[in-house]
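You will see two complexes here that share chain A, one where it goes with chain B and one where it goes with chain C.
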Partner chain A sequence: MGIQEQYRNEAAELLSSGAVKLVIGYGGGSTPDRRRPVFVRSAEEVSRLVLDSYCVANLSAYLISEGLLSDGKNVAVFLKPDGIRSVNILSAEAQVNPDQVVILGFNIEGEQTTPLPGRKAADYAPLMESLRSSGLSPELQREADRLEQMSAVERFDYWKEQFAKCIKCYACRQVCPMCYCRRCIVDVNQPQWINTSSHTLGNFEWNIVRAFHLAGRCVACGGCDRACPVNIPLRLINHRMSKETLDIFGHFPGESADQKPVLATFRQDDPETFIL
Partner chain B sequence: MTRILLNSRLDDCLSAWRSAGYRVIAPSRSNNLTSFDEVASAADMALDLVLPERTIKDHFFPQTEPLVRYEIKKQQIDTEEMLPPDDKRVFFGVRPCDAAGLDIDDPLFGWDYKDQYWFKRRENSVIVTIACTKADPFCMCTSVNLGPDNPKGSDIMLHPLKDGRGWQMVTLTDRGKALLETVVPMLQEDAAETASLANVPVKFDVEKAMTWLADPANFESHFWKEISQRCIGCGSCTFLCPTCHCFDIQDEGDTYSGIRRKNWDSCSFAMFTMHTSGHNPRNTQSMRWRQRIMHKFNYYRGKFGVNSCSGCGRCTRQCPVDMGITETLQEITNTAK
Partner chain C sequence: MAKIGVFVCHCGENIASMVDTGKLVTTISEHPGVAFSSEYKYFCSDPGQETVKKAIRENNLTGVVVAACSPRMHEQTFRKACAEAGLNPYMLELANIREQCSWVHTDKIQATDKAIEITRSLVEKVKRNNNLQPISVPVTRRAMVIGGGVAGIQAALDIASAGREVILVEREPSIGGHMAQLSETFPTLDCSQCILTPRMVEAVQHPNITVMTYSEVEEVDGYIGNFTVKVRQKARYVKMETCTGCGDCIQKCPVKKIPSDFECGLGNRTAIYTPFAQAVPNVPVIDRDRCTYFKNGKCKICQKTCQIDSIDFEQQDRMVSLEVGAIVVATGFQVQNTALYGEYGYGRYKDVITGLHFERLASASGPTAGKILRPSDGKEPETIVFLQCAGSRDAAKGVKYCSKICCMYTAKHAMLYAHKVHHGKTRIFYMDIRAAGKGYDEFTRRAIEEDQAGYIRGRVSKLYEENGKLIVRGVDTLLGKPVEVEADMVVLATAMIPQPDAKEFAKRIGIGYDEYGFYNEAHLKLRPVETATAGIYLAGACQSPKDIPDSVAQASAAAAKVLGLFSKEQLEREPVVASVSDSTCAGCWGCVIACPYNAIDRRDITDRNGNLIKRVASVNPGLCQGCGTCVSFCRSNSIDLAGFTEKQIFAEVMGL
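Entry: the complex of A and B
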């Protein structure tokens, strides 16, 4: 039995036994290589679920939909390791109750999609340990190294050129499971703290605010990068911030549901180097 | 016999246009993005694209635009209008859907007053469109009663020649004729066969969808919740749409002086309809998605006699969760809701 069938059966069982009220998974999209999020509420509908190597989106962002978990009922969701890390962070930051989330875990390696055993976030603790050392794809790593070798001025120019393309559509924020603020700082308009104008300064403000808010919280799912309609390599910024929190504080975001948020925690032995 | 523009003479045309005072803007690739940018030569043009990721709307209704500079003094307020420059522009290699988008938006910007920021640019621009010989799976112009050689919004239509040597040139407006006058020596009179147009399948029955949308009973249909469940409420589909035109007015500066700007806004955003009181009449994403569809295929037609969609397909092509106009109108028409 292939993984897709195995998980369809499991989803059907979870729904018909009443263990969950909803399964959030992937379905076929408008072209053969596209997958779209689907919401399955009954066992009869599980044939809509698709699971293969095109299922790359981090669906954990839907867990923070307003009111979804407030009735205390459970929800099952298809997650890759990055999504499992998101659930841990959302739990640590008191946004979701991990007991309400049934994880249908899977991994993608090349064309291969393999099931991950365990159904609760805590079951994946050993996996988290092994992820610590996993880095960027070779292609992104090359780009990250290239940026690292630039002078501060060159790097500033690089980002200026990239951010000049930004149209403030906020797709990067909307798709991100870590961006759960009910009212993002850029939407606070009495008074308007941050310019809504999408000119170079405004775009810098937006992207830097977001990068800071994701420091030590980004799980590198790549959702923002894929969603950005003007192809800004957002993954590179987040990667740099993650590297910083890992090197300085030994913080690997999302390794457990009781991990303390790195920028909201003070330890006496914290190094006192400035974070950037 | 018709007028032919050969690929090999395109650079000469560009020079002629520049000498006549035009800036030339065309699809191009730069910085890992395809968009309409000023080009120096034909080699900078990306005419092989089905459609650039960004639209020509950017050059008529920019994402942020200064309107007026203000200064509040003790006894008076000084203001200075910041109208766009008068420069003449040729848009070369536009696709029929993007050109139609401009035509669709004209009545909106000219409705209760004439928006000078839009019309100054419109009047100083010549749209040279290339009929499409290829389409991608998201193109849907034929579903909204347009098509790969539809002249709406274009001043000149270029039909690619079958042998790939260039284009047959058809002028459609006085502005187009005036532009052609500047390059007559670069053209030749010839009888050449034009390439066959892109085959763009009709994806939904727009008339049927419009009838369904016009029925007030369907306004509260459960359908809206189902179809928009996965929408994350980003503004991609609206900002990349050649016809979406909503904006917000913002003052940028301090209490005493600054610039009033016109910034893109989107009906996908929760903030779009938020009242000062905190009440939000469109407080769910399904209400916002319904608004987008209703505006395009019901309200806009009611007011201006045309649908606010030119079928470019960008809303689906770029949606992070694979939604879009196509799926919604397909669902409405196919299942005869």
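Entry: the complex of A and C
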């Protein structure tokens, strides 16, 4: 039995036994290599579920839909390791109750899709530990290294060029599980901290604020990167911030559901390299 | 419409010499909203403040900007002036054109431009200021004194005698501190125990003082007037309530050869012990690490001996949480040991001792009953060499500072020795004799003139043992000649240093310290007994090396500060507090974690039927200190700080 079949059966069982009220999974998309989210509410519908190496989106973002979990009922969701990390973050930040989330975990390696044993976020603790040392894909790493080699001025120019393309569609925000704010800072206009126009300053302000808001929270699912209609390599900014919090504070985002937000905590042995 | 008054201060020459104040006034007077502007030599002076008040009244000003020094310096002054003229004091802003402008620039034209920008940005801010009302918070009128040395005891007694409750926390089994170890005290040579013990007894018996010995402060929460202190009461294994202090258990305890800290290792104690005979409270403790029962599960001789069943091997450490309004830190000092210098034998020679050892030898209640006998063989030394500044005033190997008391106690030691061993000879190597203080110079003169203290100005380069003698080699810098003395005993006046855990302790209770670990006062000259943390005060040698008169004087000063704070039932607090916008808060609780004062709670918002709609963060204005940490943390900008609202800050920044 293939993994898709196995998980369809599992979903059917979860739904028919009443263990969950909803399964959030992947379905066929507009082209053969695209997948779109599907929301399955009864065992009869499980045949809509698809699971293969094209299922890359981080579906945890749907868990924060207003009111979804407020009735106390459980929801099952298909998640890759990055998605499990975001469930941990959302739990740590009190946005979801991890007990209500049944995880149908899987991993993609090349063309291969393999199941990940475990059903609750906490079951994946050993996996989280092993992820700590995992880096970027080779090609992204090459790009990251290239940026790292640049002088500050060159790097600034690079990002200026990239950000110049931004059309302020906020797709990056919409796709991000961690962007659950009821009112995003970019929508604050009294005072208007961030220019909403798509000019250099406004684009810089937006993208830098977004990067800061994801410092120590980004799980590198690449959602923003894929969502961006103008192909800004957003993942690279987030990666840089993650590297920073990992190197300086040993913080690996989404490691556990009781992880404290790195920017809100203080330890006596925190390095104070930023104090001149 | 905003009517802002701008007052440009010359600060004598401080500002006027680098900023063209006339140009500043004319430029700013044209800025929208500025209804009045003027300049003056010293606005903080009486006539200066009158000008401000008059201008407020006559022009119905709605806001005031004083372009002068820092808010830390004069914000209060001008707030008061505003209030007296009928303007809400929070409608004032200080534009700092001194520290942040005139003092740090050398180009008058650029400095003037900068001063204009700074002032303009504050005008833009003050236009958006709101009237704020001070917050009243209740004061818990009970003090905690940490450290039961002479400083702590004095502070506790003074506060208690004025009618306020005090909790005195001491980590050793007895109060008394170093003074309990001293023999006689300069400059009067009165017996240390005789003047201290009555005060120790007075402290435990005082109805307003609760003495907690063998206890350590683990955590301090809260703020001035409202601290919560967690104290660990270590298990004594002896019941405080019933023990009569008869000491039978101590007599019978079979483990007798434990070097006593109180005797600086010159004497021994048992596993169940009081540090010294006059200990207060006179209730022993069991040293768990040395007790045979705790080690092997067998013995309990003390328990069998105790007639009233006061030994309790089951006792556990107890955590108590105490509410106090003020804290006096009086945790004292330590003396550096003799192992500090290679040239003095690295602590290898038994007869090279510290001044504190000497105190124990000279003390009537000490291990030698007051006879000066050297540690190695118990013989009376014929010649004693004293080395002053052993570790002090030595940037290379020791500490830079002067330990302040060593000149005096070395003279004292020379005298005590002369009184006890009439034929004894003393040689004191010194750098300077620092004897400033009432009766101090007279005291050292007396040592030289009446008690033949032999002072040699110079340092010692080598000290070694030969044929049972300690050979001390140095130079007499006055004669310019090398000297060599054969001594029977050498006393090092080692430096007075902070407690080994001083820095860690300071972090725990939230006060500052210097490079050594002595605690920092708020202002060396003007606020010497306050720390930078409101409501926490300092007394005694934990701040800097001090003798008894200084320690006691500072303790009384700290007590006066505490009593001043306790003179009112309510404390007025700055209304600079944060508040959360319920509609946008996402309930991520980041601010709850980030707030260093634990001032943010979770609050449920419910509908009329009590159903939960959402949970939001909620700031307790009594606890909020206005630090702004939550404001900068909140991603969705759901928190604002009164007096520093986003709108104000934004206007201020855009005004630049």
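Note that in this section the second predicted complex is superposed on the first by the 272 of 276 C-alpha atoms of A that agree within 3 Å, B and C clash if a C-alpha of one lies under 4 Å from a C-alpha of the other, contacts with A are read in each partner's own complex, and residues count from 1 in each chain.
Everything below uses one rule, namely that a residue touches a chain if its C-beta (ideal position, glycine included) is under 8 Å from a C-beta of that chain, and two chains touch if they have at least 3 such contacts.
If you're wondering where the values come from, they're calculated on a predicted model, not measured in any experiment.
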Room on chain A for both chain B and chain C (clash or fit): fit
Partner chain(s) touched by A:R142 [first = chain B, second = chain C, both, neither]: neither
First (chain B), second (chain C), both or neither touched by A:T265: second
Partner chain in contact with A:R41 - chain B first, chain C second, else both or neither: neither
Touched partner set for A:P229, first chain B, second chain C, both or neither: first
More chain A residues in contact - chain B or chain C: B
Distance in angstrom between the closest Cα atoms of chain C and chain B, superposition on A: 7
Contact residues of chain A, present in both the chain B and the chain C interface: 190
Residues of chain A defined as touching chain B within the complex: 29-31, 34-39, 57, 61-62, 161-162, 164-165, 167-171, 173-175, 187, 189-190, 192, 195-199, 202, 223, 226-227, 229-231, 233
Touch list for chain A against partner chain C, complex: 93-95, 180-185, 188, 190-191, 193, 213, 260-261, 263-266, 268
Of chain B, residues touching chain A in the complex: 31-33, 53-54, 63-64, 137-138, 229-230, 232-236, 238-240, 248, 250, 252, 261, 263-264, 266, 269-271, 276, 316, 318, 320-324, 326-327
For the chain C and chain A complex, residues of the former touching the latter: 507, 583-591, 593-594, 596, 615, 633, 635-638, 646-647, 650-651
